[in-house]
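Across the two complexes that follow, chain A remains constant while its partner is chain B and subsequently chain C.
Entry: the complex of A and B
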């Protein structure tokens, strides 16, 4: 049984081919990296997996179920145990930090309109338990978020907003977590912490799909990576293995760079240690 | 006892609170319905027919009016919640007009001559009883799983779907809920004024309900309550301005919109006020009780 299998997945926006015939298999328990230059279709892929829009064609199967996720609305996909963070942060800014996490628990709580309105004992107990669990989740990031539980989400620092997005996504108790550039805008120390956090999430039994531009992070935590360019997968494998491939270097640095052979002369492909592939 | 004038003013304040609250459920998901007077009409007419022609007890007639409005709300909600913003405004305005013209021409409910013969069953107890129930309802729902989902839809519809919230269903729920409250308000209204005609339930009535929310505050359900109280009393106080009354009124609205664009009562107003009250209670409660408003 394949954990996540993507077959011939395509998405067109009018005449633009954002994603073309993508095939991918993700094993359970991996941290799987999706890398590639800007506009290569990474986020489009995430949006298809989470149902932000329907696919033009192709299949996404999750945990051997016959349902094609590419045809489902996003809330049904979430209920199956897939959650995500967003590249351009989508927190509920005017809600508190704690409430943001509680919204993430929506599918795991039961109370409806009537039981909520009457505040039945059952509802009260559920709320109590949910709040405790939300606080525990905030505690996942030490005392970065927990002391700020009652503050509005908008008041958080940039890195803490990213952390809150992860905590909110974990509240859904996902089997698969999609992180869209979680380290963007973080300083090196924060990035290192983040890598540690992602490992802990994986060790907790959550498979992680990761879009990241910071190649040192990709090198550090990804078991496998797929490289996208212009909406197509150009290669796949362990990062150390794909980073030297000519097509990958070309995708990142352009054709002339490859012809000049500079990248390879420097000792093999993309510089993982140098940090950001965008600052080429 | 209260003078007739005071009592009638209090009743209208209460009715307007109910009508203002009928807008709030839809508003709490970030959408505006400008057709609430249509639901009010359905509640008013159906409860009046039941109480006058069929001799149904007032409480039952009132509940049936609310249920009828909720049913119609759910039916038109199914297509309506699929559109947003300005498009939903247009759909709901159109709905309001359909209802108004229907009652203008529908012979069994009096058509253009209107409907009368109701007994004055609505009194302060009924009106404020419902107001209290609604406050409890909104207070409890606001801090529940669904209340948080509504608020999250208002703040970021894209993210909330991926958190597992069925947005279409939530929107349908609030739409039908708002319709039910407007229907109840309509039933109370009809059994107080004792005469209803289709013209009462046109666009101006719907617009007035929106103003309660916009001026009173759109972030919590206390907003429309404060808005309804102010906007019912204010015109009475402004009577001394004679013909300039509505001009002054309009000016006031503009100033409010500039100074407090999210309305008078915000989330922070409620939490600050409740913290203020809790601190001064004779028995000291734990400080946590004031944190989540």
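Entry: the complex of A and C
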């Protein structure tokens, strides 16, 4: 049984081929990186897996289930155990930090409207348990979020907002977590911390799909990566294997690389130490 | 004298608030304006009246009946005039609910007639004299019921899981979907709740003013729209405050300015407030995404 298998997945927007015939298998327990230059289809792929829009064609199968996720609405995909964060943060700013996490737990709460209205003891117990679990999730990030549980989400610092997005996504108790550029805008210390956080999430039994521009993070935590360019997968494998492939270097650095540009001079590979690969 | 106007204004304002918070809920969840909300209010008043006149039920049962009927009507409007247009232009639902408004209005005119009608004296209205102040059971019932329903909505939104999902949808429907929230269910529930509250507001205002007409929905619909803009579009607290403010303004303008300029005066004040605070009293919403 394959954990996540993507077969011939395509998405066209009008005449634009955002994703073309993507085939991919993600093993359970991996941190799997999706890398590639801007506009290569990475976020489109995330949007298809989470049902933001239907695929033009192709299949997405999760944990051997016969249902094709490429045809399901987002909320049903979320209920099956796939959650995500967003490249441009989408917190509920008018809610408190704690409430943001509680929204994530929505699918796991069973109490109906009537029992909530009647304040049945079972409902109250469930609410208490939910609140405690939400606080525990905030505690995943040490004392970054938990002391701010009752603050409005809008008041958080940039890095804490990114952390809250992850906590909210974890509240869905996902089997698969999609992180869309979680380190964007973070300083090196925060990025290192984030890598540690992602490892802890993986060790907690959650498979992680990661879009990241910071190649040092990709090199540090991804078990495997797929490289996309112009909506197609150009290669796949361990980052150390694929980073030296000419097609990868070309995708990232353009034609200048082929003419013997920067990347070649440094020893023929994408730099994973220097951080940002958005050199184009 | 002033205190008396305050009580009267509070009575009028609380029914406006009741109508407007449902309106704000629908507008917030859908990011759209539902033009027929005033007509739902009008039908609520008529249905409540018919129940009292012909079914001979008492006033409170009539109000529950009117709320049930408008709740069903709200679900029907969502199905007929909103859901099929989800993928269309943002103006399409505006036009389709305008159509619903006209249909409901002409339906009411043909079935109930165009003449203003009022509730019969179905219960004893007692007045209590507190110094200069006259407080009647009418005041107490209307203010009490309106505030009780608003408190219930507040508890629903802040204390229940479904209420939390509703607020999440109102803030960002797209993100709410990814959190596992079935947005369609939230939208239907929102319409049902808002319409039931509009029906209740119709019965209460009908009781207060004893002049129910098929066209009253249009005028009050515009007032409700002004209220939710005044309160900050889609903001529940703002709509509640806005309703009370408009009720007080109207009563005060009749008492101290001129009854012929009642609406001009109160809308003039609303315009002034909006010039000073363009996002409304409680508006802090910034549309950056989507």
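Here is the rule we go by: the second predicted complex is superposed on the first by the 276 of 280 C-alpha atoms of A that agree within 3 Å, B and C clash if a C-alpha of one lies under 4 Å from a C-alpha of the other, contacts with A are read in each partner's own complex, and residues count from 1 in each chain.
Simple rule for what comes next: a contact is a pair of C-beta atoms (placed from the backbone, for glycine too) under 8 Å apart; a residue touches a chain by one contact, two chains touch by 3 or more.
Not measured: the values here are computed from a predicted model.
Trainee: Chain B versus chain C on the shared chain A, clash or fit?
Mentor: Superposition check on chain A flags a clash between chain B and chain C.
Trainee: Mind working out whether A:50 is in touch with chain B, chain C, both or neither, as first, second, both or neither?
Mentor: both
Trainee: Contacts for A:74 in the overlay, against chain B (first) and chain C (second): which applies, first, second, both or neither?
Mentor: In the superposition, A:74 contacts both chain B and chain C.
Trainee: Touch test for A:93: chain B only (first), chain C only (second), both, or neither?
Mentor: Both chain B and chain C are touched by A:93.
Trainee: Does chain B (first) or chain C (second) touch A:150, or do both, or does neither?
Mentor: After superposition on chain A, A:150 lies in contact with chain B alone.
Trainee: Who contacts more of chain A, chain B or chain C?
Mentor: Touched residues of chain A are more numerous for B.
Trainee: Would you check which partner chain A:163 touches, where first means chain B only, second means chain C only, and both and neither mean what they say?
Mentor: In the superposition, A:163 touches no partner, neither chain B nor chain C.
Trainee: One more residue to check, A:233. First (chain B), second (chain C), both or neither?
Mentor: neither
Trainee: Residues on chain A in contact with chain B in one complex and with chain C in the other?
Mentor: In the superposed arrangement, which is not itself an observed complex, chain A uses residues 50-52, 73-75, 78-79, 83-84, 86, 90, 92-95, 99, 102-104, 106-107, 109, 111, 113, 116-117, 127, 130, 168, 172 for both chain B and chain C.
Trainee: Per the contact definition, I'd like the list of chain A residues that touch chain B in the complex.
Mentor: For chain A paired with chain B, touching residues are 50-52, 73-75, 77-79, 83-84, 86, 90-96, 98-99, 102-107, 109-113, 116-119, 123, 126-127, 130, 150, 168, 172.
Trainee: What residues of chain B sit close enough to touch chain A in their complex?
Mentor: These residues of chain B touch chain A: 136-137, 140-141, 143-149, 151-152, 155-156, 158-167, 173, 177, 219, 267, 291-292.
Trainee: Please name which positions on chain A make contact with chain C in the complex.
Mentor: 50-52, 73-75, 78-79, 83-84, 86, 88, 90, 92-95, 99, 102-104, 106-107, 109, 111, 113, 116-117, 127, 130, 168, 172
Trainee: Hey, which residues of chain C end up touching chain A in the complex?
Mentor: Counting only chain C, the residues touching chain A are 156, 159-162, 164-165, 167-168, 171-172, 174-183, 284-285, 289.
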